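Common to both upcoming complexes is chain A, partnered first by chain B, then by chain C.
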Partner chain A sequence: MSELQTVVKEPLWKIRIKLAWRGFLKNWNIFRQSKIGMLGLWIVIVFAILGFVVYPILAATVWRSSLAATVSYDPITGYDFQKINPSHPSLQHPLGTDPIGRDILSQLLYSTPREFMLGIFAALITVFIGTTVGTVAAYYGGILDTFFMRLADLILLFPMIAFLIVLSGMMKINMIMLALIIGILSGFGGITIVLRSQALTVKVKPFIESAKVSGARSFYIVFHHIVPNVMPLSFLYMMFSVTGAIFSEAVLSFLGLLNVKMSWGLMIHTSESGGYLLGAYIGRYWWLWVPAGLAITLLCGAFYFIGRGLDEVVNPRLRRR
Partner chain B sequence: MPEFIEMKKIDKGRASTVGTVVKVEHLKKFFAVRKGIFSREVHFVHAVDDVSFEIKRGGVLALVGESGCGKTTTGKTLVRLYEPTGGKIEFLNKDISKLRTNADRMWFHRKSQIIFQDPYESLNPRMTIFDIVVEPMSVQGIGNIKEREEAVADILQRVGIAPPETFMWRYPHELSGGQRQRVAIARALILKPEFVVADEPTSMLDVSIRTQVMKLMLDLINEMDMSFLYITHDLSVARYMADHIAVLYLGKIVEMGEIEEVLQHPLHPYTQALISAVPVPDPEFQREMPKIKGGVSKPIDPPDRCRFYERCPYAMEVCKGTCPPLIDVGNDHKVACYLYNKNG
Partner chain C sequence: MGKYIGKRLFQIVILLVIYIAVVFFILHAMPGGMKALFISNPRLTPEAQQAILKAFGLDKPPLTQFLIYMRNSFTLNFGVSFSHYPTPVWEIIKERLPRTALLFITATIISFLIGFHSGKVLAWKRGKAVEYVSTIGGVVAYTIFTPVLAFLLIWFFGAYLRLFPLNQFLNPDLWANTSFSSQVIFLRLLLTASIIGAVILVALILSYRLSHNIRSRRLIFYIPTISSVVIAVFIWWKSPYGIYGADILWHMVLPVVEVTIISYAGIMLVMRDSMLETVKEDFITTARAKGLPDRVVRDKHAARTALLPVITNFIISLGFTLSGGIITETLFSWPGMGLAMYEAVISHDYPLAAGCLIFTGIFVLFAHLVVDIVYAFLDPRIRY
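After this line comes the complex of A and B, so read on.
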């Protein structure tokens, strides 16, 4: 017995961190093989650097405005009195200005962190609810299961954008509320069906019975055995949820239905409502909508691509050998 | 015959007479099934149908029979994975279906354990060996971190997963089949249970390591003075592991007794047929044993007659009547057959 006391030389938390790191490296090496996943990751990294690093630096240096200046780069209250707005891309305004003289690049970069937050916050809520509901429904079965599955069917058939449009007529929706609404609604939606069916295959494994024989309660079994086994799939769905949330925000802002000061969708809305996207104008004033449109497409696509890459980590059968 | 049968057995007389750990009386477990998706009729699979036996402290009872005859169901009912349809299970003189308080249930779960057949499915693939083995302690809230680490290291060492520190933080898929089953054994034994159900624990292992794992279990049973219900379909394994045997056929015990007695003097035609199916090393030797026809069916709503009637070479008129009762023919040897109970 005495020599056994020295068996565990390191504290447990250190070992666990090492294990997590080892697991991460293993999955990373699989993910790396996926070209589409890596493309998505790079796009996300570039956006993150632009939004979280480049914008604050620019805003504090070259874009810093004084009250006396004739140009302000503020994305919301900015102006440029020396130009006829909207003005073409130029040295002062690499992506031009919008109809009221605000710098497009500044608006684009300013919105980036907000789009990230919205997407990730909504996706976290979705995954949290989806995982809990899916595993609990699978484990307990019965009425609970039937109820949540019918609810999921309902939400799947539910026109989310239409609902949000109606809702925005009744109340002012800001970014955080939007993330909450999208997160909660899609949390009870399709994701629960997928995670439930995964949880059903875990539920019948003998290691669940082993735990029961030791006296484990249902709560313990759900959160110690079933959730960890469906977690990779949850994580995968999280990426798709980010895409969904960012896209919904873009649509609603474009329609001018959100109570937000600035976002990619709103940028397009501003030029659209100013009549700059009508007929032949759409080509002439391309800088009013191309940057924001491209940003929406790229970031949505990027998270989707990451999801596709993760799919290969989660489903070994998809891997190319 | 496999080589282990020739190995010297360890202390076969260990089954002391001091007290009964498990006592099963008229245990029944039926499963409701539907014949076809649209059928409203409910039928019952009589997986375990009126089974009685007891296991003494330190004793190993082998439960043998073909696949589908209800061995796993019996084992799972004994550790409360299934609620019995009828009958009584007494564990250390307590009726386990009457464990009302949480403390009582935890007491039972602390003292009983199960080892499954498939070591690839019985360990959570996302848990480390440490977390798997320590689970009974953490679920029961026993010991602090230090004590748990020591207990895991100790039991891993005892089941031959050594040195423990090189295995503790691995995942099940990094271990071989034999090592996994040792881990499953460690997990089952970490709380020093009084009663363990082992459901064909070596049948999925390579033949080369079966003997080692069986020997390990036998050693541990002796050291820790546990009682085992050892489920197997292999009579030579039963003979190696157990001191008593119960032969199950379609949910009924057809023969039961001290293992050497039953194997030397099998009375029931089904037991005789099972024994004749065991390969014999001497090709000259021909056992005079009945050949039985057909395979096991499912005992769905079985009629009240001998379950072995259709396959029995000695089937008589009386066997079509009621199910033969299990009667003692002396030497604590019991058999359920009208061949030995003509006046019954």
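After this line comes the complex of A and C, so read on.
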């Protein structure tokens, strides 16, 4: 009896958190089964630690610049007067230096949080737009539905990279603007179609009927009943959007079209436009492109792997048993 | 069928109008757009600025400008390129578009054939070491940063093994004393390729129409295919242009390999997943229970059903492959549309950039139409 009372006395938000936690644990156990998803998660965690924890510590201790030094580890204005640049990886510079003597490892670590932020910011916008538009289109139907679906078809056909290349040639685009553009463009794209079809299957379920009968407004039904049910799928697509955003940023800054001070794509661009990556030089100056290229590939791949892992949580048919 | 294609064409024209409107909007509404470009130069006198604005029609109201732009786009009049002055944009695009098309189509067909077959075999060998290794390889190829792949290819095949030329479209030493342009040879190559392609397509359709036996089907398919290829090679061999055609083809290998790898991985992975789902269906169990050979179950029952999602996914990833093509062109100095667009953007050649963007869009729309028709052919559930 006393136990029942404590359960009932517990505030509603606490019960909700408990339920959410239980659901999370259940999904986590499924996710943990997929090796590829866990691999992706570990790569992301390692990158996050390197970018958000290791770099600030290193910058404040080992790499702190002083006026008297002949070596500066600043990722943007750094130099090394003691070596012929670009110099081989050595003890002082674990990944070597770039053509103007900047330390590659410090550039790599400095850019990591920015890539993360860009990817996640763009993906959040994508998922927010995609989920809202997809569920609203599915629930209300009619002309709204037709309009957004045709729009999605159009954006699906949009040569995104070509568009971004032309756009970045006409205006100076920085990271935040790029994230906004990618987020909005892909938000109205394919993700809307997927989430709409998912929302359509939720819409015909009995609990939506009962919510209607008990007098819930349409707005309330969409955002309190349909959206939570399509959330796992939008989370899955968020991972793929992160990959897309980081990839687009890397391509644009690799082509030297972005208004950014430092990023992984720009690191390769600097070496390439300096003529260090022509023909046989590619092998000789390997440290100019391998670290940055590998970082882009790994981080893009990691989010893609997480997406594949989540796919097994969301789609029961893909599971082994 | 004709009605279906007509309907799709109509939709494509509408999409094209919207697309051109978007391009127009980018050109004119953005800071640093057309108008700002001409006014921002402080060394020009106001009269000269006004004269330029008038010459480019930028003094008219925006709606009139838009209508004129739309009309010009449909009559292929994109203005004069700034960086290749006084060549009209359309002339440049006309020269570059076939190169991009050849690169893209060749790579797509190769990657589709290999991706389809390897995905099919992999799903059938579920749980074996081959499957793990190939899946991981496919995922790596799918997620690798495109320029990195290009560097690897250039370094390994071009610099280390010295098998293929590093960059460029042709070998200048060879072409120094020729009296014809490379475009002539290139267009002939394209013509040969499309004739062979048409023969293969007709052979494929004939083999399915005429026979229901796998062995005779193969015979009907392979005899015209191989003989057309042999005849084409023979004609090129005997003609004085042979060596020049071979030179272009030789320069084409690495870019094609790159675009192939980019689009192959996606097709293979989707085919594998789709095949894994199909294998669980009841009709596969039935086919096996009937005592059909394993290969027949795999090729005739499972793979044909599993093919449809692959094609759907292919439509979605068209843009991805195309952007891979743009990056490939800039990296391998393959003078196609992508490189033209990149150079136009770098040198602020707005008419050329806009023209290339519009034609990239047309290219994607057209590819989409082709895939749609193929899909309608393959899926008997689609009624047109």
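Observations on the structure shown:
Just so we're on the same page, the second predicted complex is superposed on the first by the 314 of 321 C-alpha atoms of A that agree within 3 Å, B and C clash if a C-alpha of one lies under 4 Å from a C-alpha of the other, contacts with A are read in each partner's own complex, and residues count from 1 in each chain.
The criterion applied here is as follows: contacts are C-beta pairs under 8 Å (C-beta built on N, C-alpha and C of every residue); 3 or more make two chains touch, one makes a residue touch a chain.
If you're wondering where the values come from, they're calculated on a predicted model, not measured in any experiment.
After superposition onto chain A, the modelled positions of chain B and chain C are compatible, with room for both. Shared-chain residue A:K212: touches chain B; no touch with chain C.
By the touch criterion defined above, A:F147 reaches neither chain B nor chain C. Applying the stated contact rule after C-alpha superposition, one finds that A:L12 touches chain B and leaves chain C untouched.
In the superposed model, C is the one of chain B and chain C that contacts more residues of chain A. In the superposed model, A:C300 makes contact with chain C only, not with chain B. Legend: residue contacts after superposition of the two complexes on their common chain; A:W21 is shown touching neither chain B nor chain C.
In the superposition on chain A, A:H225 makes contact with chain B only, not with chain C.
In the overlay built on the shared chain, the residue A:M160 is in contact with chain C alone; chain B does not reach it. In the superposition on chain A, contact is made by A:G283 with chain C only, not with chain B. Of all C-alpha pairs linking chain B and chain C after the chain A fit, the shortest spans 10 Å. Listed in rising order, the residues of chain A touching chain C in the complex are 36, 153-154, 156-163, 165-172, 190, 243, 247, 250-251, 254-255, 257, 268, 277-280, 282-283, 289, 293-294, 296-297, 300-301, 304-305, 317-318. Across the complex, chain A meets chain B through its residues 1, 4-5, 7-9, 12, 15, 18-19, 205-207, 209-216, 220, 225, 228-229, 231. Within the complex formed with chain A, the chain C residues making contact are 15, 18-19, 26-27, 30-33, 139-140, 142-148, 151, 154-155, 158-160, 166, 273, 277, 315-316, 318-319, 322-323, 326-327, 330, 338, 341-342, 344-346, 348, 350, 353-354, 356-357, 360-361, 364-365, 368.
Note for the complex: chain B touches chain A at residues 76, 79-81, 105-106, 109-110, 112-114, 116, 118, 121-128, 132, 135-136, 139-140, 145, 149-150, 153-154, 157, 163-165, 168-169, 184, 187-188, 191.
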